[in-house]
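Listed next: structures, encoded as structure tokens.
Both of the next two complexes hold subunit A, though its partner changes from subunit B to subunit C.
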Partner chain A sequence: MDLKTGLVGSGSTESRELDLVIAGGGPAALAAALYAARYDIDHIVLESYQPGGQAALTAVIENYPGIKTITGGDIVTAMKEQAESWGAVFEMASVLSAEPLKDKIQIKADSSTYMARNLIIATGAAPAKLGVPGEEKFYGRGVSYCATCDAPFFRDARVLVVGGGDSAVKEALHLSDFVSELVIVHRRDKFRAEPYLADKLLSCGNCNVMWNTTLKEIKGDESVKGVILNTPEGEKEMKFDGIFMYVGRKPATEPFANLIELNDNGTVRTHNIVHTSRENVFAAGDVTDNDLRQIVTAVSDGARAASAVFDKLQ
Partner chain B sequence: MAILSDSDAAEVTKIFGALVRDVHVKVYTQKLECPTCTDTETILRELDGLSERLKVSFLNPQTDSEDARKDGVERVPAIIVSDGTHSRVKFYGTPSGYEFSSLLTTIIDTGGSEEPLTEGTIQFLSDLDTDILMQVFVTPTCPHCPGAAVLASRMARYNSRVRSEVIEANEFPELSRKFRVQGVPRTIVNGIFYVEGSISETMMTDALKKGLEDAPSEETNLLDYLRNEGG
Partner chain C sequence: MLVKNVTNQTGTREEVIMAVKHIKSNDVEAAASVTDKLSLIDFSAAWCGPCKMLTPVLEKVSDDLDEKVSFYHLDVDESPEASSKFGIRGVPTMIVFHNGEEIDRMVGFRDRNALQTQLESLADSKLV
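What follows is the complex of A and B.
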């Protein structure tokens, strides 16, 4: 039986000065925390209320070098335990705002405030909303963004997955073990996902793919009952019990909008991988505009960012 | 056969090193009509041996019906964590996966030396003039669930007007159906309002204040309610 031994952190009402605040709780932040702790940098990690980030929600990870297969939850737990064993300090809080104040950054979290000489933004990205009618209304009532969490509620049900990237295909495969029938709709005529994953889905016994199809509306009463799809043959109404959305990511950069330059899509504008428009602010992982968004690139960014802070403090 | 691996047991022993006072854990299980009771009992028996500060007692709701009534135990398996003076903090279901993490954290909160709640939450709880039941629906595979489960447990541990029940949604499908749970974590407050997801203490106390003051008469998502009412 799988037992997770990591403790849930607590909040804080602290207010103090330190060399580094790391904002985020996913692989990029955990790698930055490990390196910062080993560099003996006075730091704190403000992990959000969704520790582990998107990686924790991934059912199976098979492309992290050196590990054949592992769950997302297990890999981030191992990363956090390793960082803590070297002295990394965590607080359970979300960053509300970050403003420059003289040569430091004033970072306000839920009930604590820090004056940091340096900041690493590793707040990742949240699942993007499609914005179709019914999506908000039925969130938690059949609309989900987390197959790992919610798949058991759809045992023997008919489920729709929206998307065509790695996440959509991976999570559809996870869901197919629970549901009686799964339909995945994708707006293009082939998946963007890794060919290995796409082939696996195409040969899945209870899965059907609808190409060149988009979701127009989610319908229901107290919970989801069906959808209206835009198909190449026109609008089509279909019955479903659950809808899982994987239509991209929205970078979690709102608190930093007045601090550093962002791109139009909300990602942090970076140069030399982890440097931002402000010399004492660094960015790592999915929050950046770096092209590949994987755990392996996130941890690499986190290590680089912590190393850059260390060099600056010398 | 042991459920905790040697490395799990070593890790938990290390974690229990933070206990500075006794923690009382009551475990209600029964043999009949409870397929998950045996695993729950085994896990708690294995935990029991890992710290002298942990005082675990095993009860059966049929034969110990008076205790079950006093403790307000309505289903099994049930685990109650306290300092021995109350039964406000309950877990229903097997403490596996991420629920094990919630249980361990609650044990440390109860017997540790630090107060985990922030000043704002403590103030909210001190001003509370009504009773609250927080039922947090979770699944063992949900990494966001411990945040919501532990927050409710911390509030109930701190204030006698709050009770918390962390409910494994798969093990109690009738209860999940009753509250139309199709996503976790979902915190149901007093059987009427709910909060979807794991949120900060500040957001939770704001939502609770608004929900209790305005008392919506029908099932209402407290976060939507806050947004729509400009709370």
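What follows is the complex of A and C.
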């Protein structure tokens, strides 16, 4: 090993040895980075997938203790700046694969290869697709998964929101400030979102809810023009300019499929919150099978994972 | 490439090469009509989180693909005519042109690897 660079081997097979690689760029990864830096663990954060994670796409955050209200972009920027101020090292790179190699993990990223004594997987989750006809065709032409990003394009328009959890209701409320009329369809007869958000939506002046209703098809020409819905009264065709989807999340675990046990839904199977089926691999945030997926739980996971690595290295 | 005079962290002026050129509605046609390279126009907005995160990715990829792709940035609020003309309904949207024709459209954030792979594939198929 070259003591100056930490590189092992030569030529294209060179890899860098580290005590810890953190994969991900959202709140879980940022908290792990902060704690790893403060513990003085030799580490790198590979900001694979979406820098800032799903949190960066959230319009307003009102349930992070100590902060009354903040945008998702601002909170993740503050987290990253804080981690960097303690010496956290970031690299914009995607993890392509992770394999066990003796007592280490070989992590191939598009930038380099790393031999890590420990790995924290905090790659988060991407919005799930519903898979209905028209969804892919009209993505970016009326179909969106991010009201924070795209709401201003639907000023005075008629939009449909699909979903019933926190994300759907929160983003619908954000959209309602821009659009002339908003309809939210949910497959159940009540929201899963926290009651405060649900009540706020139900009293919103330009919002209507269709219960026990699902989206069957999105129609249009160059852009979205309408939808076909499955309602309790049968199929119904309605006109809309935009469709916003919040129907769950797909965990970003593909590069780790040969490394650790995953659940059927693709999440990392964990025990004791952040421990996985391999003793030197930890998981944090939305990528795990933990029930509550919030920024506050993601940062907790990240801190616990970095702390567990620190204990292991002692 | 655009060379910009900026003040660095120590307060001294230095020239920085901006590989992604800022354009407005009137510049789109010329930018899209390049024949010896591909042109990528990034339609984005100041209020959009993923757009901000895409900026360093575009800077990195533009360094690597300088000979094959010209990179442009267009603010949808500053240039609503171009946004409307190209039917932009979400940001960031990256449209790739060759010889005045739209050959690909990518909506949402792309990481460095995904963007570079896609652009190299397009360049291989369009540039002789």
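As a working rule, the second predicted complex is superposed on the first by the 298 of 314 C-alpha atoms of A that agree within 3 Å, B and C clash if a C-alpha of one lies under 4 Å from a C-alpha of the other, contacts with A are read in each partner's own complex, and residues count from 1 in each chain.
The rule is short, and it goes like this: a residue touches a chain if its C-beta (ideal position, glycine included) is under 8 Å from a C-beta of that chain, and two chains touch if they have at least 3 such contacts.
Everything numeric here is computed off the predicted structure, so don't read it as measured data.
Asker: Applying the touch criterion given at the start, work out whether A:Cys149 contacts subunit B, subunit C, both or neither, answering first, second, both or neither.
Answerer: both
Asker: Which of the two partners, first being subunit B and second being subunit C, lies in contact with A:Ser94: first, second, both, or neither?
Answerer: Both partners.
Asker: Output check: A:Tyr196 vs subunit B and subunit C. Expected answer is one of first, second, both, neither. What do you get?
Answerer: Neither partner.
Asker: Identify which of subunit B and subunit C touches the larger number of residues of subunit A.
Answerer: Touching more of subunit A: B.
Asker: Please indicate which partner A:Gly140 is in contact with in the superposed arrangement: first for subunit B, second for subunit C, both, or neither.
Answerer: Both partners.
Asker: Please work out whether A:Gly73 is in contact with subunit B alone, subunit C alone, both, or neither, and reply first, second, both or neither.
Answerer: Touch partners of A:Gly73: subunit B and subunit C.
Asker: Identify the residues of subunit A that lie in both the subunit B contact region and the subunit C contact region.
Answerer: Looking at subunit A, the two contact sets intersect at 49-52, 56-57, 72-73, 92-94, 110-111, 139-142, 144, 146, 148-150, 152-154, 222-223, 242.
Asker: Mind pulling up the subunit A residues that touch subunit C in the complex?
Answerer: 48-52, 56-57, 71-73, 92-94, 96, 110-111, 139-142, 144-146, 148-150, 152-154, 222-223, 242
Asker: Note which residues of subunit A are touching subunit B in the complex, please.
Answerer: 1-8, 10-13, 49-52, 56-57, 72-73, 76, 92-94, 110-111, 136, 139-144, 146, 148-154, 222-223, 242
Asker: Using the touch definition up top, name the residues of subunit C that touch subunit A in the complex.
Answerer: 45, 47-53, 56-57, 60, 87-93, 105, 107-109, 111-114
Asker: Which bits of subunit B are touching subunit A when the two form their complex?
Answerer: Touch residues, subunit B against subunit A: 3-4, 8, 11-12, 15, 39, 43, 95-98, 100-102, 104-105, 108, 114, 116-121, 139-147, 150, 169-170, 176, 180-184, 186, 196, 198-202, 221, 224.
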